[in-house]
């Protein structure tokens, strides 16, 4: 018995919610409004929610009526039957204002997946006192997503201060010749603070998915092994 | 009041256990046996445990009596006053036999940090039925560390099957021209399975540190926000 | 006696069909409609068929009347005197919907060259059961072309399941920072499944040419060496 | 019912011969003589033959009595119950004398897998008449493996002359700063001759495995689809 | 006494003709028509000739009346007082039709600098008989410029056939993923034919300048050292 | 009148002290003890001081009697007639203990060139309070050299705290796969703190030379422009 | 007491002038005219001056009345209450005319920060006499910023001639395939002239910031340590 | 009629002297003394001279009696029947003392091929007056080979001063992190002086071969086209 819906041009993995705890998202880039609409309809019908990332406003118009477009995070969101709320908050921290599209993609995903989010923006390490001041906002959260471009130093400093899992997202956005985010990616992979894990450049969705998996595991009842 | 011990040639971050939940580890490569001994003594005195990674047997002889050398994982371990046991198990999965030094570094770290470990070796995707068979061993665990060289495809398949956080470790070990692990690293960063996070090449310790942070957060009592 | 036609601006290798078994194709990118028309006319006159890859619709209008434009695969096809049909089928398998332009370029080439094609789309390894389900469609084929972006893991899993030659095509298309297909290319070159061969990024035509050479060799009468 | 043998330190994929047509080979690099011996014993017991690549002479001494060491190709070969002979020959062509370890690894593998081999050495394109003279030796073969370092131009010239599938192997060996074989690898991926497929740097075994899959498919009886 | 003209926004190196034998050329990219006009006027006034490379038609309109625009080679040429004719011919050889802008830039430069040019187009190594046929046209020339994209194999074959200096130019133009000409550049630097020298990607002007220096040295009277 | 001494095998730039303010240093790597001795003798005779970097102890034995070997910094130093003392101190700050060879090379150079040095070791950003504590030691200095491996984040944090010029030195030393210092180099070039300048990987000597030029300029009398 | 102004979408580091000696600049790329205006208003209100780099003319119209747009250097400048004048001049030297946007960004920044500037343009090393002639203009300056694209050789020659600190800026602008400035960047990092420090590609602002820090340190009264 | 000698393990291209004007050289690296001896014997018998590059002293002992070993240039030379003397001199210029193995390989090759050589060592651009002083030694030569490591700036300066063809050789030797010669290679490819051509890293032999081709063309009688 297949766990996907065959749309001829795509096999939508509608079984992902059951297998993985969170649903598949549609990557909107390069899809026609018609195709994207069909995929989102299939997803929302089976899962109650649907998400398209890297979307454009003109891909939104043809989509189902209860969809909304998140312009900074470039997401189409349909939340007909919300996913269960998770008990713990997740922090999303950014180094600079230019990282906003990425942290917004993370925030939209996190909230759709049932997480509360603590947004802490523009606390890059060139003004280290701001960075340190962020600690008290992070402490009650279960996981921290840290987003930074340029040299990608913020996750190292944050991780050194706290006892929470840190997921680092390098961004391609920002000033200087950062080689499209490679400088930040390498910086984060080589973090001097132990235990930082990394997702791909600009992948706010991926970081949110990983953080949600952790947050859900924390919130689940467990009765020994 | 400083949270480090000044050894003249090093400032040992003995406050890390308090701040981060797990202690600092000494990176043995390039350190003299004398220096390494002093650092480990300082760490074990303050924290009750001490760990040196990337160590050699001849760096071990001069170290404190209750130390043991883990030869495959290349670690020196001192466990005088064990850290608290954590309730959930962590899975460590490898693609091939050549990944052993990395999974052993992860296992030794995990166990020292209070985790129980489920080792699942040599289940690379070229024999996909073995990979799928691993699922039932992984399901009871709270986190999965997946270690692979070559194309680094194993985390994608594992993550697609389960609802647990997956931490991927690319290895430089293995056959073919894998450009020192870059092929596997890129493969894991570009995983088609959502929510895979990645640590640096061969960084079994880092993956274990991150997994321990998650496992500890899961095991901690929590009474709302 | 030369085996090429001198068009002043180009020396069309009309002898390629005789030497290699399959005709030269015109690469349309950067050619004027007039020049492309002349090349295609020369090719179709000598070979009975003609193919232009990476073409645009507006390059098509000026071309000979019996040409057709394949919009997804971006090919101009003229098939005045079809090439001989080959007895065995070739499978073309893709990991995701965004790989469509590449698999269509492969399909159009394969069919023009006399092959029957089995198209198996969107069976990426993040939903491994779909991947495994593809096996029964592949088994009757003589060769498999496997197209994937991102981490390029699909050829490893497919090749591990079957006894057919696998030609892997990395794609630059897809989501995440895949460095223009380099991640998938490296993944395929380092495949843990033995015997996978690789063509250049997005080179659906090249994979189809190679697969046709194999399929034709299989179909040829042979009476010992 | 598992198709692998569990050796504790490894899960030997003894089912690969049945699934894929050719057996798994052991990659000897980094394995102890004891471990390698156990793996080879397991393979030869199930499959009748066994192969270890990238082996050293001192890994050979502890192995089963009927094993032989191929010194140039760095392989350990056991051929207790030979695999079925295939009707067609395979050509192995090299550009220079420094490519010998790679073509020998290919030859040893091909012969163990039941293929007859035509060796054509040292016909690099700087002496193009030698290259062209190779054509008549290649013509009766079903597949051609072309091995070259430096700029990797030989496969382009060979493929332009013949109607057989060409599998190209870039080598890291040779003079000049070839960046460890990357120059040859890129050259082969960008071959101006259509239909060249490529394996990893120095991967003579992989090319032989792929060529054997093709040769076996050609040799198999087939009664329509 | 300065050997440059100070135009405020530029110091035109009008002494270059005297020092180096050939004049400075203006690189048109990014220059305003007004600025480019002033530079060309200064150059033509002092040297009798002037050349702008990488120019656009709309940069040409505002330039001096006796200028002409070479559209394929993207050059503006003014030849008021021609440079001395050189006795020997120079060959310019290309692998494919897409290399035309680069060979045209070379041809225009060569002719302005007083050389006769033998153009030999579209003789790539995938049709090796065409390549070999080019030899008799090259033999009377003093230098050969060989232009190729993709794997850049043409200079190796040409150089292996003749006793003339070969200057290789890799091109970024062409089909397949050639990484913007890096594959061809590496191929040419690693040529298996001794004595091939290389200029930068697409640098037809630079190759022509180098070839002119050689041709001029050959043509100069010399009475011992 | 030449400002260099011709040693047949080398032209020692003895005029550099006059022209640039500080003398040439000999790079010892790959030089025979005899050659190195001759170069150092020439330098010390003209300049009163001499320095060889990247030296080995066995290169030291054959050198002039008043030379000393700095083992951690790998330098040979001769200080027969000390250079003038400069009034301001220079800070040398390191992220970790493994950076010691580089900071020692910097320290030895700085002291030979007449600077007082403030050494501040092992204050990496994973323990940010240590980093901040370093500020009061840096404040009285005129320039800061900041040395770090891994992600190279330390210069960004230091530069954000102070008003002094910061010269950053990436190191290849340290743990994790830092790609030989490229991660730290890119991190420093992309520093989010304005005004950080960078020298080559492991180039403690170069950083010290640059810092000395600044410190000397500060110390020089100046009477307007 | 925070040293930043919270604008909701950004935390403007208005304390940077006090901490670092020079104010924060706004990076205009990707900011809306409204947001940029608010940031500049905040900066100018606290600091008396404000600077936006990488700005476009249409971002300028909505900004405060006393702002001016520097078109070549792409900067918006507001100088309501000028910063203190510094006693020494800074030289800005360029290799070619195409480096103008970068040297203008440096000049505008330097002048806003209180420095006098000596501009020396178009003195690249291909006309070495012009380069040498620049020396007498540089000698009275305290620091030299050297800007060059292509092979980035100018800083090596300049630094070899003088006793001043040299800050090198590689540019992405210019002709030939310079890989977006990487060739110049590597050239400068590997300069054979000791003591050259480097900033990121095209980072005229960063070089000016570093030079200003040095110039300010030189100009400050100092009464011993 | 073949123009090569078949030695079983190699096909020695003895026809190269006739075709190309200069003989093939043996690349000694990785060859056994026996094999190398046979190749050299074959070459010297046909051509009167023989050359092996990248040789070791212990490869020399078994070679023919009239061979000599050039230790710095790492060449084995046999000159039984010298090649014709060429009328013009060739200059070989180096930037530093560490480039010696490469310039010696060039010198040995040039002299064996009949050229007189002018050696000009250690004139790097950090002491530009030495560089300029080299001009008068270069002027009587017909071609200049310029060898440099680090930033590879020397060819640009030399080429800007003279009217001779310049062949640039980047070296991997030298101090600082030059990425194995890539910095120098890129610098030379992007030279701001027109007409510089480049050979591979450390390829002194290749540069000498190219220079000899030019010098021979100059020396040949020519009676019009």
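By written order: A, B, C, D, E, F, G and H. Residues from 1 in each chain.
The rule we apply is simple: a contact is a pair of C-beta atoms (placed from the backbone, for glycine too) under 8 Å apart; a residue touches a chain by one contact, two chains touch by 3 or more.
This structure is a prediction, so every number in the text was calculated from the model and none was measured.
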Each chain counted as touching chain B and chain G at once: A, F
Same vs different contact residues, chain C with chain E, by half of numbers used: different
For chain A placed onto chain C, the superposition rotation in degrees, Cα atoms, nearest 5: 90
Chain centre separation in whole Å, for chain F relative to chain D (CA means): 52
Distance from chain G to chain A - Cα centre to Cα centre, in angstrom: 36
Whole-Å separation of chain centres (CA-atom averages), chain F against chain G: 25
Distance between the centres, which are taken as Cα means, of chain E and chain B, whole angstrom: 57
Sequence positions of chain B contacting 2 or more other chains: 126-127, 159-161, 176-177, 189-190, 194, 200, 206
Set of all touching chain pairs, with the criterion as stated earlier: A-B, A-C, A-F, A-G, B-C, B-D, B-F, C-D, C-E, D-E, D-H, E-G, E-H, F-G, F-H, G-H
Chain E - residues contacting chain H, complex: 19-22, 24-25, 87-89, 116, 140, 142-143, 159-167, 185, 189-190, 194-200, 205-207, 209-210, 212-214, 216-218, 222, 224-225
Of chain B, residues touching chain D in the complex: 97-98, 100, 121-123, 126-127, 129-130, 133, 173-177
Touching residues on chain B, where the partner in the complex is chain C: 95-96, 124-128, 131-132, 150-153, 156-157, 159-161, 176-179, 182-184, 186-194
Residues of chain E defined as touching chain G within the complex: 2-4, 9-11, 13, 15-16, 27, 29-31, 35, 53-54, 172, 180-181, 200-203, 206
